[in-house]
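Look at the two complexes coming up: chain A is in both, with chain B in one and chain C in the other.
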Partner chain A sequence: MSSPAYAAVRPVITAWSAVSPFGVGRKFFVDGVLAGQPTAAPLDREQWPGPDEQACLVPDFSVKEVLGRKGTRSMDRVTGLAVSTIGQLLHDADGNRVVRTGEESALVLGTTMGSAQSTMDFVRDSFTGGQPHHVDPARMPNSVMNCAAGQCAIWHQLRGPNTTLAGGGAAGLLSLDYARRLLHHGRAGQALVGAAEEYSTARAWLHRHSGGTTVLGEGCAILLVEPAAAVGEGRRPLAEVLAVQSRFYLDADPRRALAASVRDVLTDAGVRQEEVWAAVGSAVGEPGEHEHAQLRALFGDAAVNRMPGADLLGDTGAASSALRIATVLSVAERSAEAAGKLVVLSAVDPYGTAACALLRLAD
Partner chain B sequence: MTAMVEERISKIKEIVCEILELDESEVTNTSLFVDDHGADSLGSIEILASLEKAFGVTIEQSELPRMVNLDGVYEVTAEAAGW
Partner chain C sequence: MNRVVLTGIGVVSSIGIGAEEFAAGLRAGRSGARPISVFDTTGFEHANGCEVVGFDPSRWLRDLDPSTMGKASQFSVAAARMAVADAGLAGQLTDKRGLVTVGTTDGESFDLDRLVETEVEDGPEAMDGAGARRVPAPLLSLSIARELRLGNVSAYTIATACSAGNYAIGDGFDAVRSGEVDFALCGGADAMCRKTFAGFYRLGTIAPEFCQPFDVDRKGILTGEGAGMLVLESLDSAVRRGARIYAEVLGYGLNCDAYHQVAPNQSSIERCMRLALDDAGVKPHEVDLISAHGTGTKANDITETRAIRQVYGDRPPRTISVKSMLGHTMGAASALGTIACALAITHGFVPPTINHRVTDPECEIDCVPNESVAADLRVVQNNGMAFAGNNASVILGKYTPGEPAVNGLAPVAVNPAAADPRPADNRSEVKR
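Showing the complex of A and B:
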């Protein structure tokens, strides 16, 4: 593998936020990660009349309460999660805008399939209404998967390239790679990068009937990624993105694809396996056990044990690998030992994608 | 009959205010959705679709240019419903 030319742009993560089962905003996330607090809780069966007894929900999350009444009448949950996470990233605790955005600001948002609930609701209305066209037109945009990214751009004036990337569990890492290319080719001056997944009754049923056994979770994590040479005023690099690689696998076994992705990122960055300080998997449940076993075999127990497990937040689908980057940044924020260290993040999606990213934490 | 007309008018107002995210006190019979209340074109389509559903009528999209305020909406709906 030749080193990718776009490594020259040296993309760095300079800010981030998350809306997760730990709460709304970065502070709740850091505290939750460091406390290692599990978030699964019994579901209110009236609000969530699906197959699940429990899930990891963003506590008391309601789009109208978090974002206000204006412009939210037909906003679905995944859109609300993404819009509010970006809002958290762009503003300080007092609501002052601290990150400027405009023509130069790209958004790359990872997803599985947008909102399964919105898609199903819209189709159901068409089948059960008096006429096929007796649907709520305002909900039509929710039924396409780039709705969340589009709404984020409208709410927060992100006028650069707007990309939705469907990659399931690997979406967060694929988005990071996509953003690197945007920055390298000068398509954007800064990129908001991340992924979002909502909990819904429709998603729970799809999960159940696909044989899923993990406890579902939800959330969104967004990173601000800029070229190292053009970091905005008042910000500093938190981590450098050294390499991202992904592979498809067509048999049921992701191990070879993951091993190849890991090998590629190390080669790209000229890093030896034993130099990696932490190795962080994204999957949970049984797939997570396999992913972590492989990381242990490659990097040793100490590297894997440096980060809290992904299970705290449940199976957060597309958001998982983005939330894992946030987990790494949370640990780095409170750990002097982490400074300057190399971190491998991996993700394995059950539908055929394995991905790996290599970050260097700031000194 | 008058009670029924009033009920219809109030139902229409409720629909319009819900869609345009307005308080009922903000809207008069003649205030313009787009010019006075900042509505967009999708809002008009939503109002049309919602009225069709609520009153079981069919309203042609060619009527949209008349549906600029509550009076206009009532007129078009009344014609479609044969009130």
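Showing the complex of A and C:
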């Protein structure tokens, strides 16, 4: 939240992966980002009998196909997204484990409300079954918001702090700040940090009834965050997290809160506005237009135009700002110009948070 | 690093609203159990729970319209307003840098239940838009910031199920300890819902009448509801403004079993308690009281008491369960447990484990059956354990002006007003 805190840890991102409408794994994500290909597609209305004609789905994503049949009988979609993203991060292309886990590994996973589908399905049986307690006990954990984080821990032996952070569209940046605090206080040696959101018929109905007009998307992005002084063997920093700031915004107007958060991260890191190479917003639809207009006013068109727009993946809810960090890292991976550059990432959440992070890409 | 103290408490519970009533309820061993009325229980053979009765949100809300908020948010906002007033900080936090974090299990599942009921009866097109807008879990925290007009806070919800209150308190502790924020407003909230009741009922873990932790005849949990919110600030800040100090937060521990979604894991719980002791800088024999997770299920109580004996030895501290009185308030549970610990320190008593007849020989602890006892408590621990193996233990210490902390940390200069245990006049501005 303030520079001394970041200077104390110097958190660096040393690995990442994403499961997204671009596909399963980092390679698909980088290719998709670089191609700038929109992912919205017509929905199979038999599988998704909700109010939407189209959405941005992880193509052909099936928990059982991605993770196998063992241990997945009752696993819901958002849990599958998170478990598989972390699996991608922890292993190399040949399936060899390359990141150790255990007691020193924290997980901070952002969400909006877990799986709305699982929660609503679970209680639906209570209304439609022969008896009100005729619910499926095997699926009860899915109806609780920490299900995905807990299953990730079981699958990947993450025995450190295991936090589910409900932060809506800002969840990715809030989780990054939360994870930095864990590392600062020695509560973990490394943290897997990110956020996940599933597409579901239940989410689509809630979105529609809440007045949402954006095309929904889904996905999960996870970063491995370590103190700069304790990066694990075989890894190197991809980016340093210089500062993260977030603010609740009053009176339904995020502009002042976002401006204040931007100002704070720059001040905390001792960075001048004109030194920022790229400015990246996370929201889509009309709020996204406002967010990007503000970033253009602050940092100029060139800085905003350096990254593809957020709308390629649709409205990915809690996963949005985590997926935007992955977008930045994707561009950095393929761009010599990006080396050593400063990037501002923002998130404006409809429920009341404006957040901002400042990263320095590795040389 | 700052020393961190607890200077404000807000409580919405089935045994009392506000710190004073809650403390009186704990001391008297009051039971919150009664037939559930918040949802239709037709078809369940038994349906007792620990509901909050007589809660009028409009007493606590000045800006927000209660109809725009779910019940859990109403509880969290009411408790937050109480806590801020109790700390003598009403109206003073507008520009202060702060962290607002509320732990929860079910968020606004009470509203989700009703949306599903509508869907079943009239189709998904008929769902209520206002209900849909109430359900995102971040609102449990953001509504506090909105109602109290906190313009310089980070606010988010920690959804780590039934240990979420302790998770949130730990997060607030760290943020205040390192000086990142001037204050933390943290705790937990949950509203009773059909979904969770039906689930536990199906698992066979809902007790027919009352909750009797550690008893040989215990039959499970009662679901409950409420909120507990705490104001944490640095000791320097509290002393400077002459605030009443309930207790010092000494440290906490978090870990994950990574073992089973539902079943507890003894060695992992042991490790969590050891992490908390290490963080707090206290030895096991220095702990005077443990407020256990103590749900009243067979599995929890045996596993937890065995873990306690592994860590604290054959003569463990008195180990109580406030769930005997409050039921299982889910995400609020460990926040209310930590508040109970602070009130126990402040008022010098051990809350009882009520509904107790015969201690289970497999739960070899003194659970302080049925009657509270007077005690000078210096170090108290509160446990929270959750689905998904999320464990969190918080350790509080007695604060004595001018003396070193109970874990040996140096004292600070003391303003004599801080020693006054009575609330200052400006602390009771909230209508009761």
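Simple rule for what comes next: the second predicted complex is superposed on the first by the 358 of 363 C-alpha atoms of A that agree within 3 Å, B and C clash if a C-alpha of one lies under 4 Å from a C-alpha of the other, contacts with A are read in each partner's own complex, and residues count from 1 in each chain.
The working rule: contacts are C-beta pairs under 8 Å (C-beta built on N, C-alpha and C of every residue); 3 or more make two chains touch, one makes a residue touch a chain.
All figures in this text were calculated on a predicted structure; none of them were measured in a lab.
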**OP:** Answer with first, second, both or neither: which of chain B and chain C does A:R73 touch in the superposed model?
**Re:** first
Original post:
Per the overlay, which chain contacts more chain A residues, chain B or chain C?
Top reply: C
Original post:
Regarding the shared-chain residue A:G114, is it in contact with chain B (first), chain C (second), both, or neither?
Top reply: second
Original post:
Touching A:P137, do we find chain B (first), chain C (second), both, or neither?
Top reply: both
Original post:
Thinking of the overlay built on chain A, is A:V271 touched by chain B (first), by chain C (second), by both, or by neither?
Top reply: neither
**OP:** Classify the contacts of A:G168 with the two partner chains as first (chain B alone), second (chain C alone), both, or neither.
**Re:** second
**OP:** Check chain A for residues that touch chain B in one structure and chain C in the other, and list them.
**Re:** 131, 133-135, 137
Original post:
What residues on chain A touch chain B, complex-wise?
Top reply: 69-71, 73, 129-131, 133-138
Original post:
Of all residues in chain B, which touch chain A in the complex?
Top reply: 18-19, 21, 42, 45-46, 49-50, 52-53, 56
Subject >> chain A contact footprint on chain C (complex, rising order) >> reply: 41-44, 97, 100, 104-109, 112-113, 115-117, 119-120, 124-125, 127-129, 131-133, 135-140, 142, 145-146, 149-161, 164, 167, 171, 174-175, 177-181, 193-196, 198-199, 201-203, 254-262, 268, 271, 386-390
**OP:** Quick one: which bits of chain A touch chain C in the complex? Just the residue numbers, please.
**Re:** 1-2, 4-5, 8, 50-51, 103, 107, 111-114, 116, 119-120, 122-124, 126-128, 131-135, 137, 140-141, 143-147, 149-151, 153-154, 156-168, 170-171, 174, 177-178, 181-182, 184-185, 187, 201, 205-206, 209-211, 246-248, 250, 260, 349, 351-353
